[in-house]
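Both of the next two complexes hold subunit A, though its partner changes from subunit B to subunit C.
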Partner chain A sequence: MRDYYLAILNGSLLTVAVSLASLAVATLIGLLGAAAKLSGRRPLVWLATSYTTVVRGIPELLMMLLIFYGGAIGLNNLLEAFGYEEGVDLDPFIAGVLTIGFIYGAYMTETFRGAILAIPKGQMEAAWAFGMGRAQTFVRITLPQMVRYALPSFTNNWLVLIKATALVSLIGLHDMTYLAKQSSAAVREPFAFFLFTAALYLVYTSLSLWALRRLSERYSLGADKVQLL
Partner chain B sequence: MRKTLVALAITTLAGAALAADLRVGLNPAYEPFESKTATGEIVGFDVDIANALCAQIQRKCVFVESEWDSIIPGLQAKKYDVIVSSMSITPERARVVDFTNRYYKTPSAIVVKKGTKYDGPASLKGMKIGVLKGSTQEKWALGELKPAGVNVVPYQSQNQVYLDIKAGRLDGTVADKVEVHGGFLRKPEGQDFGYVGADQYDQKYYGEGIGIALRKGQGDLKKQLNDAIATIRANGTYANIAKKYFDFDPYGQ
Partner chain C sequence: MNWSVIFEPDTLALYGQGLLVTLQLTLYSLGLGAVLALACALALVSPRAWLRWPAQTFTYFMRGTPLLIQVYLIYYGVAQLEWVQARWDAVWPWTQFKEPFFCTLLSFSLNTAAYTAETLAGSIRETHKGEVEAARAMGMGHGMLMRRIVLPSAIRRMLPAYGNEVVMMLHSSSLASTVPALLDLTGAASRVYADFFLPFEAYLFAAAIYLCITFALIGASKLLERRFLGYLAPRKH
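Moving on to the complex of A and B:
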């Protein structure tokens, strides 16, 4: 029994790795998506809007199966048509991270877009009037305030993302949910392992909440007293 | 000349077959057929059978874990070459994958309180029998027990059936003998219960049994595996493996 718990604990490292890597991908896509949506250029706006509409409208489970298995089957058929019999093997860790990052990038896009829109336009115009370039304005004026506006929704997305990592077992990664299922099937004692795993998720999410609250306090310094207008 | 060519072709083929591992997909969540030990090793009846078959066709088995929900897509995406994971041969599955002949077919049986008199379904008239919804056992119970006046109650999971037997809401169940032995009879709550009636194999309800799934169009491998199954049945390897896990012949009828 003890060894099964250790195995699950070991699997939790994979859960942490997948979630952090996916968060990095999702944040990057989210920033690019928000920039595209706010760029005012027709093709970019259209592209970003169809991305968020499609991705947020399809269940994660289906998306994962479609990308990982559908992609591999399609690629293999293509290769076979050209006479290669071997077939390709997608690395499940990378595929999982990219898929989850791709899905949550859509939610992040909306989070960042909303946060940027919450900053009064006049501030950016003032920065331009002072001769700052677009990049400088973003780093000095937009980004620090955007972080504050984005954090509550970002935290929400992060918690949902952590739980979504349980889906990577579908594509052959042995995260802690998968190991809990195997262990309970082997010992025929479901609840002990599931409760243990649930507790691990709770520890992880609680630590995240604590860290993000600290970050939020840091970025809100002075904001409660002074109205930024 | 022609003979040499053929001989050459055969040695080349044999050499190629020797070199390549046979990647076997399975979902190790079905004790005692396939499960994971605490140290992460995959063990069970299916694993031993797969290794015996690999020895016959002179390839090395490499086991690849998969979730049950994505086990057929994984086969099609070439994550592995065959599935040896207690998969029932059904017409729906046979549309997308090929199956070898069966390598086992465990019987199902009725389980009720010990000492219940039984000489046909009519003996259970008025009793409440729980079954797993959508299972082959449910089909059997609806086809054979219900006409005799037995109340057949479907459940979402076999574990819920056991819980309700324990709570006194059910008189018994119809289930796979291996499943009911591991999940109920050998446990304290199952000690007053036992089998009645004959082992059930009826193809009309229970189908053809458990086979190895392959991608379509792998006729050579399928033939090799079918021959290997016949060989290990004949030379006693199968019986030796079966003895480790069961007190009956799981090959069935």
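Moving on to the complex of A and C:
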């Protein structure tokens, strides 16, 4: 009995790995998407807008199945076109991470776009007036303040993303949800195993919430706080 | 790409069947969830700790764990409890736990109830102090104050967030496809994929349907906002 719980606990490492890797992908896509949306160039704005609209309009699970099963076939067709006859299988870890990253990249795009828009325009103009280039302005002026505005929504996205990682169990990745299901099939104690997995998720989400709150306090140093009531 | 198979009458009928289940699950769980959410939100803002605590624990658990786990917990998990096993052949509410549709509906409703309750509770807490004082000065008791003053404006103010929740629920309902013996829109797409080995076409078609429903829901929520939140909109002339 103990072994099953240990296996699930072990699987939580994979859950953490998937979520962190997906977060990295999502953040990268989010920054690119926000840059595209704010670039003012028609094709870029159009591309980014249709990306966020379509991705946020489709269930995550369906997207994952589409990318995992559809992507495998697409990849094989592509390889065949280049003359490779042997088929390849899409690695579920990579497929899962790319899918979750791709989906939450859309939410992150909106988060970052809003955060950048919240920074007063005069600051960037002042930076340009000091002779800073675009990159320098972004790193020194925009980014540090953007973090403050983006963090609340970023935290929400991160919590939803953690919970979405349970879906990778459906494309055969051995994360804790998958292991809990396997264990329940083996020893017929599903309630205990799923409750245990749920508790692990609660620990994970609670810890992240705590850490991100600390981070948010750190980045809000010096910001005016409004006292309500 | 081979779209002709998708538009065969049999395949379309399968999608139609799945769409019906998806819509049913979404609508029923939103309805059931709304009732639970109202009770839960009132408990959340209650000054009595013994009401607040269970509600807080409930929303904390439901919002901190994945819906997939919750579905499994109810569909596979409850059947393990001997207390339920002893009753589910005869005693009424427990007989339902043998129905996959009921189990899924229950987990969806509890999930959306937790999210909606937190939104509504937040909206209630935002009620302007003056409104409450005025109502008290008019001699309203707690019940009447809630019914006539606080809830009508709090529910209006939560409309935009609730619109998001409705879309989320539609998307979450795709998890019904993980329950065997239940065929929702995503499940129908998986069936078509398995039958014809056409993953792109099968899933893209379902995605297009979801997208249409999402847009319709967003449009409807915009209309409702204009109708019920018009007085909060910035003036246009």
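In this text, the second predicted complex is superposed on the first by the 211 of 229 C-alpha atoms of A that agree within 3 Å, B and C clash if a C-alpha of one lies under 4 Å from a C-alpha of the other, contacts with A are read in each partner's own complex, and residues count from 1 in each chain.
Just so it is clear, contacts are C-beta pairs under 8 Å (C-beta built on N, C-alpha and C of every residue); 3 or more make two chains touch, one makes a residue touch a chain.
Computed from a prediction, not measured in an experiment: that's the story for all the values here.
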{"item": "Three-chain arrangement built on subunit A, subunit B and subunit C clash or fit", "value": "clash"}
{"item": "Touched partner set for A:59, first subunit B, second subunit C, both or neither", "value": "second"}
{"item": "Subunit B versus subunit C as contact partner of A:76, first or second or both or neither", "value": "first"}
{"item": "Touched partner set for A:169, first subunit B, second subunit C, both or neither", "value": "both"}
{"item": "Partner chain in contact with A:120 - subunit B first, subunit C second, else both or neither", "value": "neither"}
{"item": "Comparing the two partners subunit B and subunit C, which touches a greater set of residues in subunit A", "value": "C"}
{"item": "Touched partner set for A:7, first subunit B, second subunit C, both or neither", "value": "first"}
{"item": "Which of subunit B and subunit C A:144 touches, first, second, both or neither", "value": "neither"}
{"item": "Subunit B versus subunit C as contact partner of A:178, first or second or both or neither", "value": "first"}
{"item": "Partner chain(s) touched by A:189 [first = subunit B, second = subunit C, both, neither]", "value": "second"}
{"item": "Contacts of A:198 with subunit B and subunit C, given as first, second, both or neither", "value": "second"}
{"item": "Colliding stretch - subunit B into subunit C, listed as 3-11, 165-173, 201-209 or 237-245", "value": "165-173"}
{"item": "Overlap of the subunit B and subunit C footprints on subunit A, listed as residue numbers", "value": "65, 69, 72-73, 169-170, 181, 188, 190"}
{"item": "Of all residues in subunit C, those that touch subunit A in their complex", "value": "60-61, 64-70, 72-73, 76-81, 129, 167, 170-175, 177-178, 186, 189-190, 193, 199-200, 203-204, 206-207, 210-211, 214-215"}
{"item": "Partner subunit A, residues of subunit B touching it in the complex", "value": "28-31, 35-40, 64-67, 69-70, 73-74, 76-79, 159, 182-183"}
{"item": "Complex contact set, residues of subunit A against subunit B", "value": "1-4, 6-7, 65, 68-69, 72-73, 76, 87, 89, 169-172, 174, 178, 181-183, 185-186, 188, 190"}
{"item": "Subunit C partner contacts - residues on subunit A that touch it in the complex", "value": "54, 56-63, 65-66, 69-70, 72-74, 159, 162-167, 169-170, 177, 180-181, 184, 188-192, 194-195, 197-198, 201-202, 205-206, 229"}
